[in-house]
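Heads up, the next two complexes both have chain A, just with different partners, chain B and then chain C.
Presenting the complex of A and B:
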C-alpha cells in the first residue's frame, strides 16, 4: 500500500514538471477571437483567423491596391462589375465553391435582419446576377471606383447559410485552414489542409506569461503585443528568432472639435508641436514604429507623400498657445481619456508630461475598454488616443471625417464639421479615375494635417517571435496570420 | 525588538508621508533615456518604465496610502461609531433595521463593493476614499453596537437615565469613553485593511491617476517588467508588506496594552 502512495506522489510530481510534448504548432494570442463568422467579425484576431478559414474574392497587394483573390473582375460600366472565379475552390465539407455561394454570402450580409456590421460598407450594391457557375454580376446604386476593394468577406457555403448553420462556432470555409475544435474561448484548434498539420491558438493575455511560455517552449510563435524590453530580453536569454515589418496600425490623438479649449486649432497645433514623437518611438517602442503624418502611409496608392509633419518644437507650441490667449498664469486644462491598457497609460503619461512642459495641464482619465469606447462614441471627451487597425481603403476618410459621419452614422467622433474636407471626400468619391481620386485624397490629407482634427502619432511595427526550429513565416504589414500557410518545423 | 521595528516603520511612513512634498523629489519627472535603468546616486532603487526614480515614487506612494488610510479610517470610525452606538442605545425596530443593513453589507465582499463603487464614481483618489469609507464604517458600527449593548445596562448609565440626563449626553459622556479602547484596536486593523484595499484599487486602475504615485499602481506597472526589472515590483511590494505588518503588530500590541485583564 505504501509503495502505491509513493508511486502516486511521484507520478503527480512528474506530471507537474514535465513539459507537454506536442507535434503541431502553438501560437500565442493576446486576445482570443470573438467570432469565426466573417459576417460579424470586426476585431483584429477574429478577422485574422477568418482569413485562414475562408477565401475572399479580392485581396490587397503591398501598395494596398486590390488584386484578385479567388476571382478576377471587369468594370463593365461605372455601376456594373463582373466577377469570374479563377480557381476550383472546395469548401471544407468538399462542396465546390460557386458564384451561388458568393451571392448567398453577400445577400446574407446585406439582409438587415442579420445585422452584419459590414452591411454599411456594401450598401451600394443594388442587385447581384449569377451569369453562370463561375460568373457573377454586381449592380451598384452609384459609381464606386473602390468597389472591388470592398469585397473582402470570406465566402460561406450557400446550403449552410440557408440552413442557418452556426458558422460562429462551427466554421465551414474554403481557406487553407480547417476548423477542428474550439473547446474553450482561449483555445482554438485548426488543421492546415495541405498537410494536416495542427495549429493550436492559445490566448495568453499577459505579455510576461507569453514570454515565459516561449522560454519553456510551451508556445512556438507569438506576434505583437509585447513590450520592446521583453523582446530584447527574449533575444538575449533564448536563441529565438525575431522578425519585424513596418505595420499599418495608425495611432493618433483625437479631439472634440466642439470643445472650447481643444476646439481651437491653435491649441491643437500647440499640442502637435509639443509632442516629441521621435524620442517616444526611440525609447518606448525601441524603434519599432514609424512617424505618421496621415492615416494612410505615404506608399499607399492614396497616400500623401508631401506632408512635412510636425517636428518637436516647444517654442512654437508656446507661441500657438499665446496666440490662443493662454499664458503661464492662464494655462489650458485638457482632460485626456485613454483605455486602462498599461502600455496606453504609459504613452499617455509621457504625452501628459510633454504637454505640461509647454504649459498645457493634462488630466489623465483611464477607463476599462467598454467605458472608454462608449465615452468616445458618445462624444464625452476633450482629447483621447486610439488606433485604426487594418485600414486598406481610403474610404476611411468619409467614415472618420465627413460631417455626415458623426456618430451613430459613422466614426467622426470628434464632430469635425468642415465644408472643405467634405468637398474633398465627395470629389474623391465622384472621380472617374483612381489617379484623380488619389489626388483628391492627397489634398484632403494635407488639409487634415493643417487643421488637425487628429494629431497623427505613429504606425506601429509588427513583430514576430518564434522558436529557432520554426521556419517559413512571412510577416504581413497588416499583421495577419497568413504566413502560417507556409510555416514548418525543422527536424 | 519587534515592537521598535514596527513603531519605527510606522513613524518613518508617517514622516515621509507628511514631509514628502517638502523633500527635493522628482517622482513624476520622466526621463525616457533612463527607462528601467539600474540604481545610481540620486535614484537608489533605479528607474521605472518611464525613467522615473522608483525611490521618489515610493515616498510619494507613502503619502497616498497614508492620506487614504487617515481619511477612510477617520470617516469610518466617526460614522460607524455614531450609527452603532445610536442603534444599540435606541433599540427596537431602529436597531433591527440598522442591524439588517450591517448584515447585508458584511455579507457582500467589501473589496468587491469598493471596486463597484469606485467604478461607478470614476477613478480618482477622492472616489477611492468615498468607496472605502462606504464599506469601512460597518466594522466600527458592529463593534460599537456590541459594546454599547453590554454597557447600557450598567449602573452608572441607569443612574444617569434616572437622573434625567439626555440620550446624547449619556452616549457622549457615559458610553463612548468606555468603548474607545476596542475602537482604537479596530482602527489599527482597519488602517492595514485600507492600505491593502487602496493598493488593490490602484492596481486595478481605479485609484490615483497617472502620473501620481501609489504602491498599487507601481506594482501593476512593475508586473509587466518582472523579467527585466524585478525591482519595480519588489520595492513597492516589500514596502507595502512591511507597513501592513507593522500596523498589524502595533494593533496587536495596542490590544494587549488596552486589555486590563492581560496586564
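Presenting the complex of A and C:
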C-alpha cells in the first residue's frame, strides 16, 4: 500500500503545481475541426474555424444578402460576373493575395480528382479569366442570380496549392487568425494577427465536463451545444456571462412521402396540430428558441412573413386523423427515427407523448449518428427529426424539395415529388431579379407549409458563455466565431 | 524456451493475417459508400464514378484486398475520408495517449488489487475480508461515466487539485487513471483472493510451512507466484481492452486516445480510419495475448516443457 500513497502524493503535488495558467484565451468546442482546408470542410466547426483563418470573396449581411468580402462584383451578363479585389490582403506567409490565388482555389475545387464536396454547388462555372492581378471574370453555363453568394470558400495561395501543401494540418490563409500548432489531437492553437493573442481551441465533447471546465476557469469561453438546464445552472451558480441571439439552425420533422401512413397529407397535418411547440420551447429550451414556419427565417431576403404556422390544436389534429380514416380503435402507428444525442431523444419522447394524446402511436428508434443519417439518406424511415445548419442561400429548396433532388441526386430525402413545388423552384431559378425570386420563394414556402413535406419546429438560439473578465464578443446568427476578432480580457 | 517463443510469435503472425482479412471484409460489408461520404449528397454520378476509380473502389474485392495488404506491409493505412490526414499520423498521435492511460490505469489497478486481494485471502471471513470485497463490489458496480464526473467534482471543482479534463502533464492523468483503475482493481482483487485461497490450501504450501519457512516467504514465493497464472491472463485481457481505448473514460476526461478516434470514425463512417483502428486494437490484443503466453511459460515451466514434449 505504501507505493499507492507515494504515487498519490506525487500526483497530488504535480497536480497542484501544474494548474493550467495561460496568457491567451481558451475556447471550448463540442467537436474538433475535422479539416482546416476549406476545399473539404463541411462540418460546422471546421467551417467556423476556416472563417477565422481564410478570407472569402463574399460575405452575408444580417438579411443573408451577399455583400463584398475581399471582393466587389459586377454582373456583366446573366452568365458573366466580374470580381475586383477591394483590399490588399496578405497571406500568413506574407505573400500577396491576388486573383491568381482565387482562380487556383476555385479550379482546385472544380477538379474532380480532388474530390471536394463543394464542387457540385460550383458546377455552373465554365471558366475563369484573370483580367489583371485584382480582377477575375467568372463565366457560367447558365444564369444564376445567387452566384455571388456561392463564392464562400476561403482563398488558398496558388503556389502552395500547386505544391500540394497540406492545408488541412498547416493552413496558410489570409484571415484575421493564423495557425500556430496542433499541440495534440483535439487541440488547436491560433494566433490573432492584429495583436499576437493566442487562442487555444479545445475539444471537450461532454457538455457537463465543458461546464465544469468553465467553473474551474480552465476555459474562458464556450458556445452552443449545451443543454438548457446546464446554461440555467451556470447562470444560477457561477458568475459567468451568458448571452444569446436568435439562430438560424432550423429543426424540423421530416416524412417519407412514399409511406402509406405519413404519406397522407391529413396525417401530417394532424401531427402538426398535435405538437405543442410553444410549450416545448418554453420548458425544454428554457425559451432559447423561436417558432419556425419555414426553413428560412422571415427576415431573410427570400423568407416568407405571411405563413401563419400551425398552432397547437388537439381537436383539429383528431379531426384530420378521422378524415384520414383513423379512429380510437384504429390508431395510426408511426416509426420515428432520431439520433442518440440525449437532448434529441428527450425532445423525441415529448413529441411521442404529444402525438399519443391525439391518437398516434409513435415507436421511437434511436441510432448512432452514422446509422441514423445513413437510414435517412436511404429513405429507410417514416418520420425523423433533423436540423439544417448554416443555411444562407434559398437554393436549399431545390436541394431539399425538388423532385430532381431525390437521393442520390440531392437531399430530398422524403421523396417529395410535387410538380407545383418544382415549378416554383424552377421559376425562382429563372427569375431575372432578386425581388422576383423572393416572391417565388415566398409562394413556395407557403405551399410547403400547406402540404408539409417537413413540419417546421423551431430555430435554436445561439448561446455564448464566458468568464466575467472576457469582453467584446459579438454573437452571430449562424453561430460563427468571428466575434473572437474583437474579444479581449479585462485586466 | 526459444522454440516456445518462436512458436508463439508464428501463431501471432498467423492470427494477425486472419484478423486483417476479417477486418477488410467486415468493413466492406458495413452499409455506406465512402465516395458519398467524401462528395456529399449533391455530387453528380460522373464525379462519383471518377472518384471511385481514383480510390480503386471499382476494382474487384480480391484486388482491393491485395493492395490493402501491400499498403499494410508499408505501414500505409491510407488517408481519412474527411480530414485527408494520413491515418498513420492519426494513430501515432493517439497511441501514446492510449498507452499512457492504459498503463496508468493498470498500475493503479495492480497496486490496489494485490494488497487488497491478498489481505482478503489471508484474513478470510474477517472484517478485513468483507471490507476488501465490499470495496471490490462497489468498484465493479460504479460505471465510469458516473465515477469520472464524481471524481472531477470532488478533486477538481471541490479541492482544486487536478484539472477537470485534457492531457496536460501527469496531473491530468490521475483522475482518468483512478477511474479506470478502480473498476479493474475490483475485478482483479476478487480474482487474486479466490486463486490465493485455492493455492493456500495446497499440500506444497503446508510443506513449505512445515519446513519452517517464514509466513511472508511462503505467501510471496509459493502462494502468490502460483496464484498469478489466472491473474496474468486477466491482466492481459484488461490491458488489451484498455489499449483498444477506454471510450467512456476518454470521453469524460477529453482524453485524446484511440477510443475516441474509433467512435468518431464510426459516427462519421470514415471507413479507412475505422479499419485502421480496428486493426490496431486487434493487433494489440494478439500481442498482449502472446506476451501473456510467454509470461505463462516463464511463470510455470511445465507449460513450455509440455509443449516441447508434445512436439
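The rule is short, and it goes like this: the second predicted complex is superposed on the first by the 474 of 491 C-alpha atoms of A that agree within 3 Å, B and C clash if a C-alpha of one lies under 4 Å from a C-alpha of the other, contacts with A are read in each partner's own complex, and residues count from 1 in each chain.
Methods note: a residue touches a chain if its C-beta (ideal position, glycine included) is under 8 Å from a C-beta of that chain, and two chains touch if they have at least 3 such contacts.
Remember, predicted model here, so these are calculated numbers, not experimental data.
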So, after the overlay on chain A, do chain B and chain C clash or fit? They fit
| query | Which of the two partners, first being chain B and second being chain C, lies in contact with A:370: first, second, both, or neither? | reply | second
Next item on the list: Give one of first, second, both or neither to describe whether A:350 is in contact with chain B, with chain C, with both, or with none.
Entry: first
Winner on chain A touched-residue count between chain B and chain C: chain C
Thinking of the overlay built on chain A, is A:202 touched by chain B (first), by chain C (second), by both, or by neither?
second
Have a look at where A:342 lands relative to chain B and chain C in the superposition and call it first, second, both or neither.
-> first
Quick one: is A:408 in contact with chain B, with chain C, with both, or with neither? Answer first, second, both or neither. second
TODO: Could you look at A:72 and tell me whether it touches chain B, chain C, both or neither (first, second, both, neither)?
DONE: neither
* To do: Identify the partner contact of A:283: answer first if only chain B is touched, second if only chain C is, both if each is, neither if none is.
  => first
Smallest inter-chain Cα gap (chain B/chain C, superposed on A) in whole Å equals 6
On chain A, the footprints of chain B and chain C overlap at residues 206, 208, 212, 368
Chain A partner, complex, touching residues on chain B are 28-30, 32-33, 35-36, 49-51, 122-123, 205, 209-211, 220-221, 223-229
Seen from chain A, its contact residues with chain C in the complex are 1, 3-4, 7-8, 10-12, 14-20, 34-35, 37, 40, 42-43, 112-113, 115-117, 119-121, 123, 166, 168-169, 184-187, 202-206, 208-209, 212-213, 215-216, 218, 368-370, 374, 377-378, 399, 405, 407-411
Per the touch rule, the chain C residues reaching chain A in their complex are 31-32, 36, 38-48, 50-51, 54, 82-85, 90, 93-94, 97, 107-108, 111-112, 115, 149, 152-153, 156-157, 160-174, 251-254, 256, 260-261, 266-269
In their shared complex, chain B is touched by residues of chain A numbered 206-208, 211-212, 227, 229-230, 232-233, 279-280, 282-284, 340, 342, 345-346, 348-350, 352-353, 363-368
